[in-house]
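The two complexes that follow have chain A in common; it is paired with chain B in the first and with chain C in the second.
Right, the complex of A and B next:
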């Protein structure tokens, strides 16, 4: 048994134990905390699978904000589950057991865990890793392939150190061939490739640099590339889902405002006299904010992005609201402002799409953001849309917190 | 910058979904003009889908690759006659329902949240259109999330924070989420074995597998998708969320959702069963024919009987809707040209009839305050136009000649006979008999009883409510007399889905 599997087994056992505990405990407060622990354990499972972005999201959303919101709902319920005599519903149990059995039955013919020859790894992915997608069939926006460029065939995934080294070599030889041909691929891209060639020669290997074989201008983090470029259209609607959640809560839970009334009236900010909390909160908030901003703006380079960063930003504001009271939070970030920002975030995302359309490209064709060097449009466009996601996620989370807390004052 | 007309022609498929999305976002910022704004947006979307439909009707179909990524890697919209037709139906109903919504929303929703109501309303339309137009399996799921979330919220907005609307919405939310999870798991399992999310590519990969019907992962994916889709389209016995949700939702929401949401669910079933798994896998190798036909046939009879017992007209129509879904499912499960065409025609016909009838009941609620049978008494004298619309719609449900319902039943019975299923043909006709009984309950109350209570003082509903209602009912009668457009389109689209057709 490999180490990975051993760690996974232990983690998954803990996950199962936590899940059972969530169902079993009577205290809702404990259940909310346990669900946070469940998410953190799942985050570790994802880390073990090397999917840092998923782990990050799980930790920030599942472990962080969801727990806060679950505890927020406790304001309206009691802290203990009511004692009831429950009879076993055999029909429901049977359906659940059958569903579970079907799920397991379905895994029997799945490709083995981590199998490099699974269709998911070798059908479409090699071209993505090779950065040859979108250069063919006369696609308007994407950078043309350089002269003499041959896509790597039969790429084995996931890459071990040896393959990674071989790939670097392939890059280097390709650059060399390019230089021999004496022809760049026009404009900015050509200069870039040359620059990288020089770097290779000099032995500098900056892991964060724009990869040399990267003609579409893809960013180093393939996950972000997949989410914000190839499937950027889906991500736009995921952001719209977040907005929808906020709008629905406003629709359902917002107290009726009398004309002119804007501030929340509740004055029960009784945590303000807790000196330790106050001081620690003020100490923490700047760091949380900076970390949130960092995560949003570095999504295309490392793990993270708009969703995670937005949630982190929101926790800073929610923390402030918890300690200093909602009127104070409202003074910093008025309700009207969060409403508008939630809209503007999605508008920024879809606006990038509309802009590329107006420029003559397809919706969300980032290459049209900067016609002078289409390859650079991609990082730019992805940064813009990540900011759109971050703004919406952050403000909607604050809105959800506000709406959940508001009912109490009625 | 490119010229405006080029922008439209180049990006027509994208605009059909992007425009209502932008409209929904901006609806929160337009102040008092939210309704006007929504009407303009849905009207323009209808024009766009009409242009799209005519283009697809003339040509081989249309594709749009987002971000200019080749469709095997990115997300593409792929429009053929089938989804162009459904798009036209959804956007048309959405436009008419939005006009209707003005008074109904003013009556039922607190004024301080009209903006957010119309925002969520437009996003619901975005979701429904997005599911219909896309050629990407995961994109379906994302848009399904949007349409489901928005519809849960819209249903929960029942008049005066009616707790029954809230519980109905919660019930729908739980069951709908279970259904969506099954769909997501099904798509996930398929992705695992095919390595792609594009529908056409998925189909090609499945076809290329020598032992697809033996692969346990694919079998489970198929089963999960069938269950999830049945929940979403409210196929008996997975319809239990529907009656209360339709009954307690705001009038405009009931009209729009009843006419479009389950229909888009059926469209998803078309895409997954015919386009992704393909005719052979679904109907030759798998026992889906028997499962679907039995659910549909039992559903037609049981919901018909349940509808007869209802004392609330809205609930009666809701149960009738489940029965009508039975007809639609039975039609495509037959998997022969007449059956599939009957199913498609009925998607439109039922949307027009039921949408119109729910609008008429909304007008009754607007004037009388309720939709119980006793509120309908004597309505024929007090609100003749509204009562007339309900009657015409009811005739359609029965399948009376000269109504659209007759055309659907005609094709469905033909399909059942062509499939050699006498029992199903009999069930369809027996369902019509049940429809006669429950429709008669309403007609009798409206024309043969004396008005009492608030009905006695009621006057005809305002034109802003009556005209959209009459438009939908009028359509259902027009396409009952001249079904060349609907039936012709349906036959062509059905031929393309079945073996030998062009994909």
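Right, the complex of A and C next:
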């Protein structure tokens, strides 16, 4: 039994117990706090399964923001569920039990946990990772994956002809590279699967030689490179979804103010009197901000990126708003500014795509960002795109907090 | 024992999903339903991330191991977990909190309009309103 499974088996039991408690507890306040605990446990599960980026996001979103949103809602509504005569809804229980049993029957056919021969690890993955990741110390421009790179494959799998072809092609490309490297011409064979290899090879000059150990035009964090390159369109529209959520919150909850009217001065719960909270808050905020900026801008090197960094940045502002009141937050970061920034983030993302199109490439083909050194386009484009995502996510989270905390109109 | 552990993760994901499913169906409080919907979602996250794990794998991030030595993380046996499910779930979490926020905003508006967030009381109010409208139409 592997270490992953050992930790996993304990953590997941805790998670399941917390989930049942979240649903069954009658106090809504307790349910909100428990769901925060649930998310933190989940973040531990993600770390245990080596999914650092997801763990980041879960901890910041689940443990931080959604708990605050829930409590912000409880202020406007009720603290407790209504008492009921029957606690258990037998009909619903029967339906869930039957669905659950059917699903468990389905899992019996799943590949076992961690099986390297599972289809998910073989179909398309070598090609995908090959396309976006690779590193050769000291060489210049975009490089093919390292010598000795072997695509994982399992040809005994009952494959459709399409998948089999894709795998054969990945394998053949790799063989050709190995051969090339063996003959001493190592270096310039890097080809993207969509046929932009020619552009990558063009225009390399010695001025762009990278120091040894540099990642050299490649993105070491595969999660970010898949997010921004392989699934670039998808991520763009995810950002648009988040922007839409912020916009609908404004439409649903923001009151129209007359030109001279300001936010109400008095907060319902004034925490500014609490010296310890005030001091600790001011101590924490700079560190949270710097960490958030670090996570956004280092997304392509280590764990992190726009989604994770954006929510971390937002928690700093939300913390400030919680302790010092919303009028004070409004003074630091006016609602008008967050509205505009949320739009600008989406525009920055799509703008990068349009820019590459103007340069003659496809939408979001980062190699066209810098004609002098196409290999460097990928990290550059991803950083820009991650900043777009980060700005939108951060400002939308702040907007959501602002709207949910809006004082009721009397 | 080890046979069970091999698909243990998938069972727990079913438990989480079903707890959320039960919450959405059985609970009458709208906030509780929104939380339960979140549980359902995390169940699916667990399913995807569990599929990404490879025996002996680690986080899918390339590390420079000295200046000259080229790391070879994709050599067999596999050293990487599959990054694709991570990417999918990463965006799904942030979209999930957006869904929660919109749901809560609608719940706040319902509470402002009707004074309750219990589903059965809302149904009762709706029926009364319909009956009143029918009476007014008859007059």
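Of note:
Going forward, the second predicted complex is superposed on the first by the 296 of 410 C-alpha atoms of A that agree within 3 Å, B and C clash if a C-alpha of one lies under 4 Å from a C-alpha of the other, contacts with A are read in each partner's own complex, and residues count from 1 in each chain.
The criterion applied here is as follows: contacts are C-beta pairs under 8 Å (C-beta built on N, C-alpha and C of every residue); 3 or more make two chains touch, one makes a residue touch a chain.
Everything numeric here is computed off the predicted structure, so don't read it as measured data.
Taken together in the superposed arrangement on chain A, chain B and chain C fit without clashing.
Contact with both chain B and chain C is seen for A:252 once the two complexes are overlaid on the shared chain. In the superposition on chain A, contact of A:120 is made with both chain B and chain C. By the touch criterion stated above, A:14 is placed in contact with neither chain B nor chain C. Residue contacts after overlaying the shared chain place A:380 against neither chain B nor chain C. In the superposition on chain A, A:105 makes contact with chain B only, not with chain C.
Of the two partner chains placed by superposition, only chain B is touched by A:240; chain C is not. In the superposition on chain A, A:71 contacts neither chain B nor chain C.
Of the two partner chains, chain B is the only one that A:350 touches; chain C does not reach it. When the two complexes are overlaid on their common chain A, residue A:30 makes contact with neither chain B nor chain C.
The larger set of touched chain A residues comes from C, when the choice is between chain B and chain C. The gap separating chain B from chain C at its narrowest, counted between C-alpha atoms of the superposed chains, is 6 angstrom.
Once both structures are placed on chain A, chain A residues 103, 107-108, 110, 118, 120-121, 125, 128, 133, 136-137, 230-231, 234, 238, 241, 244-245, 248, 252 are touched by chain B and, in the other complex, by chain C.
By the touch criterion given at the top, residues 102-103, 105-111, 118-125, 127-128, 133-134, 136-137, 139-142, 229-234, 237-238, 240-241, 243-245, 247-248, 250-252, 254, 256-257, 339-340, 343, 346-347, 350, 353-354, 357-367 of chain A touch chain B in their complex. Residue ranges on chain A touching chain C, taken from their complex, read 1-2, 4-5, 8-9, 12-13, 15-16, 19-20, 22-23, 28, 31-32, 35, 38-39, 42, 45-46, 49-54, 57-58, 61-62, 65-66, 69-70, 72-74, 76-78, 81-82, 84, 88-89, 92-93, 95-97, 99-100, 103-104, 107-108, 110, 112-116, 118, 120-121, 125-126, 128-129, 133, 135-138, 145-152, 212-213, 215, 218, 220-223, 226-227, 230-231, 234-235, 238, 241-242, 244-246, 248-249, 252-253, 302-303, 305, 307-308, 310-311, 393, 396-397, 400, 403-404, 408.
Considering their complex, residues 1-2, 6-7, 10-11, 14, 18, 21-22, 25-26, 28-29, 64-70, 72-75, 110, 112-113, 116-117, 119-120, 123, 126, 130, 136, 138-139, 142-143, 145-146, 149-150, 152-153, 156-157, 185, 189, 191-196, 205, 215-221, 223-224 of chain B touch chain A. Of all the residues in chain C, the ones that touch chain A in their complex are 2, 5-12, 14-23, 25-29, 31-32, 35-36, 38-39, 42, 45-46, 49-64, 66-72, 74-78, 80-87, 89-91, 93-102, 104-109, 111-112, 117-118, 121.
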